[in-house]
Amino acid sequence: MARSSATDVIPQLQKLLGREGVLSDPADLVVYDCDGLTIEKRRPEAVVFPTTTEATAEVVRLCNRHEIPLVVRGAGTSLAGGCVPIGGGLVVSLTRMRRILEISLRDRMAVVESGVLNLQLARALAGTGFHFAPDPSSQTACTIGGNVATNAGGPHTLKYGVTVNHVLGIEAVLGDGTIVRLGPVFDRAALDLTGVIVGSEGTLAIVTKVWVRLTRDPQDYRTVRVVFESLDDASAAVSDIIAAGIVPAAMELMDRGILAAVDEAYHFGFPTDAEAIAVIELDGLKAGLDEQLTRVAAICQRHNAREVLQAATADERALLWKCRKMAVGAVGRISPSYIIQDGVVPRTRLPEIIRQITRISAKHGIRIVNVAHAGDGNVHPILLFDERDRDSVRRALAAGKELLEQCIACGGSITAEHGIGIEKIGLMETLFGKENLEVMGRLRDALNPAARLGLGKVLPSPDAPKILETVGTCQALP
Amino acid sequence: MSNGFLPTTETVHAESAEMVAETVRRAGSQRSAVYPIGGATALAFGAATETPGLGLSLARLNGLADYPARDLTVTVGAGMTLGEFGRLLRKENQRLPVDVPQAAAATIGGAVATNFSGPRRFRFGTIRDYLLGLTAVDGSGKIFSAGGRVVKNAAGYDLARLLVGSLGSLAVVTEVTLMVKPVPEASALLGVALAELRKADSLLASLVESEVEPVAIELAAGALPRQSPLRLGDGTAAGQLWLGFEGSETDVRWLVDKAAACCRQLGAEPRLIDGAAEAGELWQTLADFPAPDGQPTLTVEAAVLPSQTVAAAESLLKLDGGAAILCHAGDGIIVARFACPPDRAAALASDAREAIRLTGGKAAVLSAPAESRLDRSAVWGPATEALGVMERVKRKFDPQGILNPGRFIFATGTP
Amino acid sequence: MNPLLQSPDARPGAALRAAVRPELFLECVHCGLCTSACPTYTELGDENAGPRGRIYLMRMITEGALAPGSAARRHLELCLDCRACETACPSGVHYGQIIEPFRLAMEEEKHQGIAGWDWFRELVLFRLFPYAGRIRLAMTPVRIAQKLGLYDLAERIGFFKLLPGRLGQMATLVNPPVAQGPKLPSFLPAIGRRRARVAFFVGCVADAMFRHTHWATLRVLQQNGCDILIPDGQGCCGAIHYHAGSRAGARSAADANVAAFDLADIDAVIVNHAGCGAMLKEYGLHWRDEKQADRQRFAEKVRDVNEFLDQLGLIPPQGPIEVAATYHDACHLAHGQGVTSAPRRLLQSIPKLELRDLAETEICCGSAGTYNLNQPQMADRLIRRKLENIVRTGARIVVASNAGCLLQIGREVRRQRLPLAVVHPMDMLDLSYRGEQPELPKANGAP
């Protein structure tokens, strides 16, 4: 393909966005090599910072004229390489589109630009009695645009659903540079493009503005940590709670390995000999919560729970959640490198996949510690290795792949909330088969005709850059 | 079989996805249209079409494929009726909390295609929020599946959501996987008669401030049938607000008490319906509001921002004081039924659309008398700027334009 | 071939590559959760201006994969060293221990040879700042102008912009004169039952500009049963030298202080300004020589006054102060020393005082040592952001426990002519113990 280099269009980009809106000095681009996934890197040819939808559309049109691919980036916390310009070209950073444009409690709606942080919105809503429900663990840093791109979840997905359930409308730039505005008012005379653009990881459109639904704050919480003798017991208890028709706000699991790292970071005081801890949160009306808690505790006890301890104060609850949400980052304390996986299985298969993880860990000689949004059947095994040791990198990748294949075999999927990015593209065919991928490709062709948005992401294609297969020989850039 | 709405020359009763695919391919080779039919409860929905073609009934694709009840997921054939589906789930004390009119006859595939919803939409959303995956046949006769069977899945594009509300214009759904919910322990409704409709605004605003969270906020107004259980008081009320509550016994009791106090504070004495049979009938009435009643009726559905609901309802009543109106006020959805001779339907639809446009919303016709033969612009309104990209999607899924031609927003004929 | 290695301003940079222990880089797992805590990233949205990016840049330079050119230097110089990222980091990255030695090496390299001579650094930072007496003398013209009422005029017509860059910035920072009180004595006895024996660290800028706060601090300590020693021979904590790239200058300041305090005789070394406190507490980390153990012992005795009083158990003051106040977290206290709840608890012990939450309290005000002198543009953006948040609380008093923050916030309050008092927590406690009321500026044409 005879495409231009982004460096050829720097003057035009500067004209569109101002000098401060374009990074093109090679030394300024280094930090855009990768995101939260460090195992695969690619340096962009330039980074641009549009501040309006129109400017974003202009950038897309310019890139189309010069056949330059683009990848959109928010806070760069993707764990699947979603922000890496694997197909080359430009990175479009939306971090300067960060205004909260409107909050209407009566309409239960907030209007935000894509670069608004999830936490920024949470803070703006504090005290209003309403909140934006998706709360991924990267909540303190990630953007709403990023949440929309990955259809992010978080611990509270169990009761409140994922991002798409909380998006009323979007403004977006399609692959040909057209701007579309969908919603926020329900439109029968339309295809639900919002429904497919959410979760498409920036490969169908660049979402620049979002109308989000607000959810009423629960009146009260009961947050307990339950100590189990084994991960097996814990996952069986979780499965039983769901089967009993109880819908907790969240049910999270952490195993012994990760508890050690978390406790070192936040000094919560988890028992050091606990094999697994479940954090279970019930929320809703004060009146009915204790009744529910009694039922949950009884089910846990049937599965050999050693103790069921309730967070006594709001501060303790906050610390417990901090421990859970920061758990993955805290792994840095026990290992120089890690890959966090994002598999999902039917809830009842949770004990089975946990056993498989243990087996795979032993088979590949890769230590694996676990956190899980257990109530959703969403496991996050964290594979520990040392990126300086090429053999351990190779084994970690092989273990990760086998693990996801097991999720597929259990009737599950290879990602519940991180997205495919570039990391899991090699497993797409195993999951969906060629035929179904072809149908997905048609949707991309309709919205992003030359596939320039997010080139090389999400859908495998013969001419997409080869990635991750080469990772065995990967090395730090340059 | 011809049914007054669709120009079908014959109807094929599909027994399998493969048979659906084969039928579509056959129709494609003959350049004949295909009209998928589920429970035939929504044939009046959509623009009138003149293109003759095959009726493709999915009613026999009504089997249960998989129901791991402990996972709260279920996979069934698209032709299963919602009534049958409900009975199946009930055995496990579970349900799909989406209200579809005429549930006894309407099918799950139809619910996906039409995206109908009802009172519980406020708390529980629409079928899109429960649809985990599906199998379907596109306009070239290719079987494909999308999504999966787990409750959380971020892999690839969610084509299942794309088909929701597409009125069978992209593909014929043959099987769906849905997430389901436990049946709540208790249910109750609280009704208040309103001397004037505007009063509903202050009540709804005070709900935002209070801790009361209903699962449904329904505002009924205009000329409700005399025997309608939605009516309250001596018949002079301008409207009635119904708040629906579900949850544990304890929760519902607390909510009802609190909401009743809220109403009294604003000078309205509420009526409580909490007997299982009576409450069930009321929920049913709310859900079936858009269903036909044998009279020539134009049913319009409008959507506005929730804060504009009352204004929008009033503007529709101004058009015709004899209209019957039900608003899902928490969502800004207004369903208006106008008694209407066939020849007036187009003009009335256009007036209603204009009235709603002025309150910042959109309107579509849900049904009109068969003889009125409303065209696309009368049913769906003028084309929006996003139509272009939607047409590109249509061409990718139905290149020959044979699926439900002319009924949805897309022009007929080979694009 | 890497073009970056051949860029024209590439230098050998051997000292830079050796500045940081490589294993410190491995603590960073590149998750990015730090970014939103970083004031400069929050303002610019550029990864180069965030902690994750900076660590990556330093790592690339250290590994020899990137030449230490001007772009990278600019990004690293823009860092406030506020350490908010350390608080946010789940992985426990010691960001300060990475960027400080790295920047030190950058500065040392820059100032080798006459071409790198920087009059401001040599004359003002090293010759003026560390000495309270000299600062006081240098402030005289500004003080006279303030007394004559000319200062206000000068500030309004932009007179200070005529002074060479950083000097002009400095002149505007000078706070209006208040009754400073006499020179500090060498000893003050406890009032009531004796509960502790402490030594007080005086500092340089703090003594020149906030002696009244020193007096307030001493009185509060007395009220809480503390005997207080104020040893001779102590001086600047060395932070100014250290952050401007003079490791040796900082070390001699540290050694003078370590020698001045007799640790055996006291329960704690008390410091009331966060910047000095953070430096004193890190004495054990910065230099590896035969005196390291002594410095470490000293560092272990250092307590921020808020921290100390909170641990000791504050004897509640009785004088009501009926006003809404808000507390701004000084970076070097919150992130540098992990002290956040103690000052709030102390303030809440004042009867009738209403303490309101400040949004983005953890985000730096832009003062950051000498940052507001070196990076005035970014500092200005940050202080405006800070003031917006402060104004939104509706408080009449802003409390901060650090000289730099007090000066920086004070200047912006004067610029915007806001009816806000800017004080130290000890000022507030002292007033309450004495049953007095704070002086609240009147709304003076403020919006």
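First chain written, first letter: the chains are A, B and C, and each begins at residue 1.
Simple rule for what comes next: a contact is a pair of C-beta atoms (placed from the backbone, for glycine too) under 8 Å apart; a residue touches a chain by one contact, two chains touch by 3 or more.
Just so it is clear, the model here is predicted, and its values are computed rather than measured.
Trainee: Relative to the centroid of every protein C-alpha atom displayed, which chain's own C-alpha centroid is closest?
Mentor: Minimum centroid-to-centroid distance belongs to A.
Trainee: Ranked by contacting C-beta pairs, which pair of chains comes out on top?
Mentor: If you count contacting C-beta pairs, the leading pair is A-B.
Trainee: Among all other chains, pick the one whose mean CA position is farthest from the mean CA position of chain A.
Mentor: Greatest centre separation from chain A goes to chain C.
Trainee: Determine the centre-to-centre distance between chain A and chain C, using the mean Cα coordinates as centres, and give it in whole Å.
Mentor: Measuring from centre to centre gives 37 Å for this pair.
Trainee: What whole-number Å value describes the gap between the mean CA coordinates of chain B and chain C?
Mentor: Centres of chain B and chain C (C-alpha means) sit 62 Å apart.
Trainee: Taking the mean of the CA coordinates per chain, how far is chain A from chain B in Å?
Mentor: Distance between chain centres, rounded to whole Å: 32 Å.
Trainee: Show me the residue ranges of chain C that touch chain A in the complex, using the header's touch definition.
Mentor: Residues in contact with chain A: 2-4, 7, 26-37, 45-48, 52-53, 56-57, 60, 63, 65-67, 69, 71-72, 75, 88-93, 359.
Trainee: Spell out the part of chain A that touches chain C in their complex, as residue ranges.
Mentor: Of all residues in chain A, those touching chain C are 23, 25-28, 30-36, 38, 47, 49, 75-77, 93, 95-96, 98, 115, 117, 119, 123, 138, 140-141, 264-265, 326-333, 336-338, 476-478.
Trainee: Which positions of chain B touch chain A when the two form their complex?
Mentor: Result: residues 68-73, 93-94, 115, 125, 128-129, 138, 142, 144-146, 148-159, 161-162, 164-166, 170, 181-183, 204-205, 208-209, 211, 213, 247-248, 250-251, 253-255, 301, 303-307, 330-333, 360-362, 364, 380-381, 384-386, 388-390, 392-397, 409 of chain B touch chain A.
Trainee: Using the touch definition from the top, list the residues of chain A that touch chain B in their complex.
Mentor: 104-109, 129, 150-151, 153, 157, 161-162, 164-165, 174, 178, 180-182, 184-193, 195-196, 199-200, 204, 216, 219, 239, 242-243, 245-247, 284-285, 287-288, 291-292, 342, 344-348, 373, 376-378, 411-420, 424, 428, 431-432, 435-437, 439-440, 442-447, 458-459
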